[in-house]
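Next up: some structures, all given as structure tokens.
Look at the two complexes coming up: chain A is in both, with chain B in one and chain C in the other.
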Partner chain A sequence: MSLIEPFQTPFMARALAELIILGVLGGTVGVVVLLRRLAFLSDALSHTIFPGVVAGYLLAGEDGVFWGALAAGIATAALLTLLTRRVAQDAALALLLTTLFAAGVVLVSRRSGYASDLTAFLFGRVLTVTPEQLWQTAAVAAVVIALLAALRRPLLLRAFDPVGAEAAGVRVGLLDLVVNVAVALTVVAAVRAVGMVLVIALLIVPAAAARVLSDRLTVIVPLACLIGAAGGWLGLVVSWEASIGYGLRLASGGTVVLVLVAMYGLAQAAGLVRRRVRLGRARTGLEAVQ
Partner chain B sequence: MTERPPSTPALILDRVSVAYGDVPVLEDVTGTVNPGESVALIGPNGAGKSTLIKAVLGMVPVVRGRIEVLGGPPAQARRHVAYVPQADTLDPDFPISVEQVVLMGRYRWMGRFRRASRADREEVAAALEAVGLADRARDRFGTLSGGQRQRVLLARAIAARPRLLLLDEPFNGVDAVSQHALLEALAGLKAQGTAVVVSTHDLAIAHLACEEVCLINRHQFGFGPTGEVLTPERLRATYGGRALELRGDRVIVGQT
Partner chain C sequence: MTWFDSSVHRALAEAVLVGALGGVVGVHVLIRRLPFFTMALTHATFPGIVIAALLGADLYLGGGVFGLLITLAVVLFSRVRGQDFTAATGIALAGGFALGVVLVSAQDGFAKDLTAYTVGDILAVSARDLAITAGIAAAVTLLLVVFRRELLITAFDPVGAAALGLRTALIDFILLAAVVVTVVATVPALGVILTVALLVGPAATARLLTDRYALLFPISAAIGVSCGVAGVWLSTVWNVAAGASIALLVGVVFGLVFLGSHGAALVRRRAAARPL
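For the complex of A and B:
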């Protein structure tokens, strides 16, 4: 199995570039999602942008998807910020996201042959990424990562000690809005490549795997980016090999996610060993003292 | 810290009433805390101690009366006010080192993009020294005992160089060693002119840590020097006459 050969074709090279950017973006934002326990909110956002995706597609075709998703993402990020602050009711959130999701399904069903469109939205089409789309993804990633880097101190304080952050004068509401918009932008950037159903994996899995391997944020963030990017690369290699070498057609988005989950499994195993070794060391230390 | 006119009180409470929506939580609390003084907020659980602290932090609106912090409204004094939460309200699994927690106290004095300076690092080291945890700087916060975590949070407040320090039940479930370290560090802060407000339901601690007390339970039942205000009558009034024992000159209040 070659790790480089599949990427000599331009469409595969673009797919690889797209997934590496998304891996780094998902890894960075994922650490914030992990620390703030926003997995549910991220999942909600991946559903609420659906009507935007469909509306964009109906209005302007393939090119409209990004802008439709962007508009819907920012709008619903603001709405969800308000809802989780003021109401904080699971039922209200669930109601909102099923409503928006259903609106998307109704919209898309107005087209003939909508099943194939729907499949593309749900599971993504990373192999058809155009150079223009690649630039859009890179621009979103640059903006989001720069934003989070600039806000890293208040973000850390807010995640660790919410009351202390407010007491220290951090504008918590505004900060939460920025984080939710950052999550929404990440979902928007990733939705074309891996689809709405799988986008949550890019946000959750690399950060969770990195967290198992380290207790230090200065290690966790780069490690999550690395795992995200490596997952994209290996996933593409596996789906290429399966289809060229063995005639098995594996959806690349799904393969990427499965590879990421496998990496998470390995991280868990490594984490278990790490804790054992530490415990062993602590025990020997104790015996030495005694 | 020396440019402050010595006459400005750190905290003035003037007939302060606080409500959550239509529900009154505190009514008519009055008192003054000067630089270098310490006041224990004493009252049963649910008396409104935390609410009063939040009002002083400007996080809960005052419906009647007035709070003045360092000569101005609470929201304008935030840079000079530090707050110490209860350690057990924070997630022990959070991936953060002791040093990083204490550095948070310096955030208000650091630029957004600037890295921590040598001076910041020195403040962090000195603050950890003050609470007796200099040797734990590199450890993960969650691996420390409850009492040690409380000391780290006090170190974070010390690193912020506050003029008014507010602590919410810092002695809850804290072992004797940590209690001693906390009291020492608080005494050091007071000596430097920091005003301290500590909420607690431990009367013995109030005696040790503070020269003044404020008795509250929805209303104020006294504010003044510890020896004068902590009388059995006033305590019985504050605690509604429940579970009160007297042993010599010690007063023991059962948890309500």
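For the complex of A and C:
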């Protein structure tokens, strides 16, 4: 199995570049998602932008997809704020998710070739990423990462001490909106290339794995980016090897997710060992003192 | 010829069953704050269904067994220090769904099969599916009725329930198992994504209409049944996807009730604020 050879063809190289950018973006945003427990929000956003994608495509073709998705993402954030005044947040998210997704399915089910459109949205077509899409993804990643880096202090304060943040003069409502928009932008940038399912995995799994391996935020963020990018790379290699070497077609997006989950499992095992070692060291230290 | 020979009639009967079942179980999902867990569960039963289809085994059995495995995995993951329930659920969701996708993608006829799993096909329900759904609905309802007191006290006061000598872990497991079998019964009709609509929507709508626990169940079941029947009817009239019409109706009904109750609350507040 070669780690580099599959990427000599241009379409595989583009797929790799896209997945590495998304891995870094997903790792960064994922840490915020993990700290603020926004996993369900990310999941909901990845579904609710579907009607936007369909409507954008019907109105303006390929170019409309990005803007349609963005409009639907912002609409979700607004509706969610309205609903949570009277309904528990998880129920509101579940309702928005299913209703908007169903609206998208109804729209798309009137077209012929319905099954293949839906599949493309759910699972993406990372192997057909165009250079133009690659630039779009890179631009979104740069904007979102710069935004989060600039806001890192208030974000941290908000995550660990919401009351203290408010007392310190942080505008919590505005900050939450920025975070929701960052998640929405990530989802929008990623969904066309890698599909809904992989977006959720990229936003949750690398950050959770990095969290198991370290307690320090300055380590967790780069580690999450690294895990996200490495998962994309290995997933592509596995999917390529399986189809070339063994005649077994494995969907590339799904394979990347499985590799990420396997990496999470390894991180859990490593975390367990790390804690045992520390505990042992602390015990021997204690005995030495006594 | 019986009434069940027509696929539309079978779909209507299935819609009534899953609507009522989803409505009743949904009340528990709502008060125990399980919507995200349910979402993960629907996605996670997907590889079970695919494996069962590959092995030629029973689809319901495959989905059910896998669902229970994932439930265990989530409970174990969330006990690990530093991980919360949400992240564990998210990982189970993404991993389970990806496993299903990879398994399906190794087969032929990829897109079509996958669409049936993700958005369901209530018009393809067979008489046997209908019988299984009816059996599951009866069993789950019976379970919820028998354990109604235990479920109620565990939901609102878990510490008090434990102090009374109830085995709360067992009660929790009974409830989660009820959610798992409900999901397994509903997925063939509505698909893995839209099943959540029936398990959350009617109950959340009922919650806006009443504050009384006992009334939640009939109202929620009635909303589930009406949305199910109306959704099947709409889809045959306008030729749109049936599962999606049901989910969309659930959302629309919730939206209307939400606006109505929001308006009513505003009017009440105004009236209360007016000087005597």
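One rule holds for everything that comes next: the second predicted complex is superposed on the first by the 277 of 290 C-alpha atoms of A that agree within 3 Å, B and C clash if a C-alpha of one lies under 4 Å from a C-alpha of the other, contacts with A are read in each partner's own complex, and residues count from 1 in each chain.
Everything that follows uses one rule, which is that a contact is a pair of C-beta atoms (placed from the backbone, for glycine too) under 8 Å apart; a residue touches a chain by one contact, two chains touch by 3 or more.
These numbers come from a predicted model, not from an experiment.
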Partner chain in contact with A:Arg153 - chain B first, chain C second, else both or neither: first
Touched partner set for A:Thr9, first chain B, second chain C, both or neither: neither
Which of chain B and chain C A:Leu35 touches, first, second, both or neither: first
Touching partner for A:Val163 - first (chain B), second (chain C), both, neither: first
Partner chain in contact with A:Leu217 - chain B first, chain C second, else both or neither: first
Partner chain(s) touched by A:Leu97 [first = chain B, second = chain C, both, neither]: second
Contacts of A:Gly254 with chain B and chain C, given as first, second, both or neither: second
Partner chain(s) touched by A:Asp43 [first = chain B, second = chain C, both, neither]: second
Contact breadth on chain A, by residue count: chain C or chain B: C
Residues of chain A contacting chain B in one complex and chain C in the other: 211, 215
Of all residues in chain A, those that touch chain B in their complex: 35, 150, 153-154, 156-157, 159-161, 163-164, 166-169, 211, 214-217, 220
List of chain B residues in touch with chain A within their complex: 57, 59, 75, 78-79, 81, 83, 85, 89-91, 94-97, 100-101, 104, 107-108, 110, 112-113, 140, 160, 166
Residue numbers on chain C that touch chain A, as the complex places them: 30, 33, 35-36, 38-39, 80-84, 86-87, 89-91, 93-95, 97-99, 101-102, 104-106, 110-112, 114-115, 118-119, 193-194, 196-197, 200-201, 203-204, 207-208, 239-241, 243-248, 250-252, 254-255, 258, 261-262, 265
Residues of chain A that touch chain C when the two form their complex: 34, 37, 39-40, 42-43, 47, 83, 86-88, 90-103, 105-106, 109-110, 114-116, 118-119, 122-123, 197-198, 200-201, 204-205, 207-208, 211-212, 215, 248-251, 253-258, 260-261, 264, 268, 271, 275
